[in-house]
Amino acid sequence: QDKTIKIGALFPMSGPGSYFGTQDKQGVELALEQINQTGVNGYKFAVHYEDSACSPLPATQAAKRLIEQFKPDVIIGEECSDATLAVMPIVEQAKVPLLNAGSSSIKITQPGNPWTFRIMPNEVMQGINLAENAYRRMNARRAVLLFENTNAGIGNAQVFKENFTRLGGKVLAEIGFGRDVNDFTAIATRVAGLGEVDVIPTYTLEGQGLKITQALAQAGVTKGGGGNAIQIGTIWLPFGFEQKAGKAALGYIRIVQFDPTDARPVARNFVSAFKAKYNTEPTHLNAHAYDQIMLIADVVKRGGKDPETIREGLAATKNYSGVTGSVEFDKNNQNVKMDTIHYMETKPDMSWVSLKWN
Amino acid sequence: MSETVFAQQWLGKATSSRARFLGYLTAVAVIVTLPLVFNDTYWRTNLTVCAINVLLAIGLDFILGYAGQLNLGHSAFYGLGAYVSTLLIVKLAVPFWLAFVAGVAFAGLAGTFLSLFAVRLRGHYLAIASLGFAVIVHQILLNWISLTQGPLGIYGIAPPPALVVDGTVIADFRNLTAFFYLVAGFALLSFLLLSQLVRSPVGETLTAIREDEVSAASLGINAAAWKVFAFGVGSAIAGAAGCFYASFVGTLVPDAFFITEAFNILAMVIVGGMGTLIGPVFGAVLLTILPEVLRGLGDLRLVVYGAALTFVVLFIPGGMAQAANAVGERLWRRRSA
Amino acid sequence: MSATADGAAGEPLLRTQELQKNFGGVKAVSEISFDVPMGAIFAVIGPNGAGKSTLINLISGVYRPDAGSLSFDGVDLSTMPAHLRVRFGIARTFQKIRLFRQLTALDNVIAGFHVHHKIPAWQYLVHGAAFTADRRRCRDQAMQLLEFVGMSGRAHVPAGSLSYGEQRMLELARALATKPRLLLIDEPAAGLNAAEVDGLLDRIRSLRHGGTTVILVEHNMDLVMNVADRIMVMEYGRRLFEGTPAEVQKNPAVIAAYLGGELL
Amino acid sequence: MTTTIVLQQAINGIVLGSLYVLVALGLTLIYGVLVQINFAHADFVTLGAFAAYFFMHLVGLGYIPSIAVALIVGAAMGWLINASIFTPLRRKNNELLPLIATIGVSVMMQNLMLAWFGPIPYAFETEFSRHVIRFAGIFVSWQNVIIIVVSALTIALLYVFMKFTFLGKALRAVSQDRETAGLMGINPNFLIMLTFVIASALAGMGGAMLAPVLVLTPFAGTSVIVKAFAIVIIGGFGNVEGTILAGLIVGLIESYTTQFLNPGLIDIVVFALLLLMLAIRPTGLISERREENV
Amino acid sequence: MSALLEIAGLELAYGQVAVCRNISLRLDRGEIVALIGANGAGKSTTLRAIAGLLSPRRGTIAFGGRDVTALPSYERSKLGIALVPEGRRVFPFLTVRENLELGGFNSRKDPSTLKRRMERVFAMFPRLSERSSQNAGTLSGGEQQMLALGRAMMSEPQLLCLDEPSLGLAPIIVHDIFQTIRAINAAGTSILLVEQNARHAFETAQRGYVLQTGSVIASGSCATLKRDPRVQEAYLGRTATRR
């Protein structure tokens, strides 16, 4: 028989946002390949991609086109919070569940939308955790916030600030910058002029992140450059970042949700399959996309077969264990499990250790 | 050399008023039937986006094609219209149509402000000044977080209130078709008024300024004032487009009004054929629909789009209006021969 | 008040006093004072670079004078912008042709009616009877003006495609469309052959009969000497001489600086 | 706030400024001669950066030869695009068509590069970019020193070329009146091609110079182009001296805005300055006199 | 004498509109030939075709025995054809000196020759040397005309085509200009002269062609042409006959 579960994928495939889209697609393709070898409950999976361009209007158009022409049973994606937020009313009206991984804005699940689910911890969950660990375990009292001027950058920085100051820490400066900044020497110089700094929470993507880390080291602010400050950060940076950044990354402490050395079989299998297929190390984006498909497969196994039943299945998920951790949704459809959040620290030989702070 | 002018003659001046009347009737008929033909939400969405872009394109054409002011910052007025009206609604609970008027007026005023530069600057200096203006507006929207929410965005913006007469709902703008009728109707009205305006002495005056300001002044034309006027009108129309955009998409982030948007609008005007009003209408429709149609191409979509844009200007340099004109002329000649 | 050819009666239409204009170190116009009586044809001649066109530019408002004043029909013009002067009745042509090249000859002339439209504001948006009447009137008058300069056959040719001489005539027609009381013409005969100059001469005379005062800058002495009432000769920005054509032709300084052996 | 910091920011600003100037020069040249705003210029910069990257990593001859390769790739691409698109367009005698075509070319090039190189940023390290000179608490990387020196040299060469050589004068003549330039014995098409190729070569070379500084993705050039335009205008279109001055000013504004205000405000400050300057001097900082006798 | 310029059956058009049909003319080495005609007759158009600014629809242009019909303007300039175009066309934002230098573009490798020629131009038009570092666009009309002439002389061409060289010049200079033209001619340059001032043209040239609406309607020696009643009526005007 040829029953199919149709999955619509809204990924940014053009413009700078395609940074996410390409990696998402890799994860999805891997998952599909694995699932369709056997099928699930007699269902094959088919995915249709639409370029949602990381921007509200194009995302709306893409979502409507998906819904009208492909008629998906479930939609995964957008990475950018603005786009996800713009799409949410549309999926609600069309009654198709949306499974999101990478948008961190709290607004997506507060108040919840019955048709939208998120498996990644949102900005608040990450921020509270990071602030508390910085204050308690790292004994940090003075912080400088560096963040890109985007929804995610500002949102994450705000949450950190609130929680860090609530605990008694002090934020010396909040420095936001556009995505078009290339040279961070001026910013690093300014940070260097602020006196003693303990932690520098940094919220940017890989490209600018590299430049920042190198500039901070060059200015002698961070450990990598002979200073005392430690950069900390959330889920955004991929593995291999420290190799690219070199010595400058020394001492960088950051959260990862996907740990390629994770000993659980599901993670080990994913890593080896991914390397076999693509001949490179997987990133958290790959893993999240993979998990989205695999979670849907799990729901189908539990009886999901159309939008409504898939939505119910998603909501009923209990302790599903994916590559990026466990999944269980609260009443707002936010994943509440944080069990695979790891802290890791970059060592002098550019390897890293997991700090086991959870 | 004077390709656009010939197009103008054929499509503007030389057309009899009866032919124009028929044209408008056709336009109304087309607007009415379109959402009935394209009856899924995706295509109805595209139709509305087309209508919004038509507004943007004719507004820019009035500034660029008629007054000859190379404005690369049209996205700024679009954004200002959107933000001003939305903030009034969201923060001060101002009724939609009042906020609409305020958004239009504010965008118009911003245009007037920019035109103070246009009065003094020549050609490409104005182009970059207007580009700079658009960058500043975008950056202000981005950085004035306490007012605009910056990149955090504004969500859940309501559509215009339903049109209710005597307790019966005539048009509920949550309905895509009704929304399309609203925007398209407004665009048609704007087009009508603009086309009346450019076929009045105002059209000649603006053209004169475009061609040569010194000799325009020798005929008593106050170039500065007319440029201000053109900018004011064109940017106010863009402001209206912005108001519709916000309530249509329901989500407002500054990046929607990045300068690339201004380039898009400019491309619509040029591809359609500037200096005619009808050209930019077709340009807007083409360049809105084209990327959607190209979605099937996947990752190469924008490569093809870029190539298409290049080849359109390469092979129909006077824009679609001129191409239509040429075809029309050929047909006419054949008939009369 | 009817205009008289000798212009002796009444106030001068244009009066300039100690006009001065410098460009960097160049004194293009300095200490120029003269009166142009109503209805006169006043010619300004002088060697190349003497400052004649600059003078026209000062009167028409393209430049502001650095010093001195000028008044038109009793109104002080010194700081008035160019476009306003047109409303008072000053029009000009350009020595280096400046037509709207993409517009047809007819549209060029119609553009000249800018200050004379009689259309209620709302009819710009909703064309009514007054609008249609005004349009028709403009068109008819523009055709008449083209006829006047001998170009009715070229009405629908883009100005940029006209020959040099034709463009000169179109410049004149366009300036006349503003219905000037004072017409400033800068080298109207340049590029015309002798026969065509004769036609121009007739036209200028008939303008004067229609009551238009003319300031003429020209190097064609056939035209100047036959049409001008008074002539001012400039050299290096200054006035060298002023008088009737006969006086000018006899003046040795003028002959030495400007005329040469030409007319003797 | 120490003087060291003020000084350090001055150096940072000068580096940034030189970086922008390197991009702006080609723009000025193309505008100055062809009176064309080239939005695709940024993508030539990106292309140069990638050319240098791949040459260095695949051939392994070091950084300096890769700059030469980037220059050649830029020139070749410039020739190709000029011959296939802009030359036919220029014959149509409408200055806005090439403008739109440059937008089209830009979209095309960006997305082709996206298809080939992918969106994930490349890490381009050279033997110079990790090498830092420190002096009295002040630091600057060798790469940045090279950028400053190369921009200074290029500018000087271009200036001499435009102002003092016959070809330079011929270029300016072509920009003012192509037809009449032909009457003088100047081949306008050749000079136009030459201009475009030189500008593209400059962009390619600029790309190689900037690659270690940029976040190297197919969109890298776009991040500097808008400011390059600001510089071109502040300096006065087609004016080499003005471009240098404007570049340094913008660079300094950028580093001091970062220091004393917030980097988010950089664009606002730069473009507000641009508007202010245009309000006072509508033809740029060092303006050529562009009036005509009417 | 051999023909320097030989034009046969030239048909010229702007777009679709033909403005010259079947123009044939000939100019011998060392000659001054005048081309006269009413406004719009096609004189400037013919000169543009000779200089290579307009390619003919039909017909041939031979220069020095060589067919140059297909050559672009800059190649013709190298062969020794120079044109003083209608409307002066000086480079407005280059200085007077730079304009002149560009006139000598073909001899750019030879600075001393250029210098000598420039001095000659300055001697002829002292006004230009006073204004040598001023932008050409700010010159007065007549000064620009002098510059356009001087610029063409900088190339010391074999054939100098003059489109109304006296336009906008003061009478005293007009007189000199025609002296100069004769002097240039005496020094070996052949001249094709378009001039509205028919009297001057006939005095200066040896032979002439009369153009009317794009065709040659009369030609011959200037002495004969001057007596042609058609020419007298159409181009010499009342003032001429009056005198």
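The letters A, B, C, D and E name the chains in turn, as written, and every chain counts its residues from 1.
Everything below uses one rule, namely that a contact is a pair of C-beta atoms (placed from the backbone, for glycine too) under 8 Å apart; a residue touches a chain by one contact, two chains touch by 3 or more.
Treat the numbers as computed from the prediction; the structure is a model and nothing was measured.
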Would you mind naming the chains that touch chain D and likewise touch chain E? C
If each hop has to land on a touching chain, what is the smallest number of hops from chain B to chain E? 2
For the pair chain B and chain D, the C-alpha centroid-to-centroid distance in angstrom is 32
Whole-Å distance, chain A centre to chain B centre, using C-alpha means? 38
Between chain A and chain E, what's the gap in Å when you average each chain's C-alpha atoms? 76
Check: chain C positions touching at least 2 other chains come out as 53, 62, 94-96, 98
Sequence positions of chain B contacting 2 or more other chains: 1, 4, 142-143, 214, 299, 301-302
Indicate the residues of chain D shared as contacts by at least two other chains. 111, 114, 226, 262, 264, 267, 290, 293-294
Could you classify the connectivity of these chains, where an edge means two chains touch, as line, ring, star, complete or other? other
Each pair of chains that touch: what are they? A-B, A-D, B-C, B-D, C-D, C-E, D-E
Chain E-facing residues of chain D, complex: 166, 169-170, 172-173, 176-177, 179-188, 288-293
Listed in rising order, chain B residues that touch chain C in their complex are 1-2, 4-5, 193, 196-197, 199-202, 204-205, 207-208, 211-212, 214-223
Report the residues of chain C in contact with chain B in the complex, numbered from low to high. 60-62, 81-84, 86-87, 91-92, 94, 98-103, 107, 110-115, 117, 119, 123-127, 131, 134, 138, 158, 160, 174-175, 177-178
So in the complex, which bits of chain E are touching chain D? 51-53, 72-74, 77-78, 82-83, 85, 89, 91-94, 98, 101-103, 105-106, 108, 135, 137-141, 144, 151, 155
In their shared complex, chain D is touched by residues of chain A numbered 14-16, 18-19, 21-23, 149, 175-183, 185-187, 189-190, 192-193, 206-208, 210-211, 218-220, 244, 246
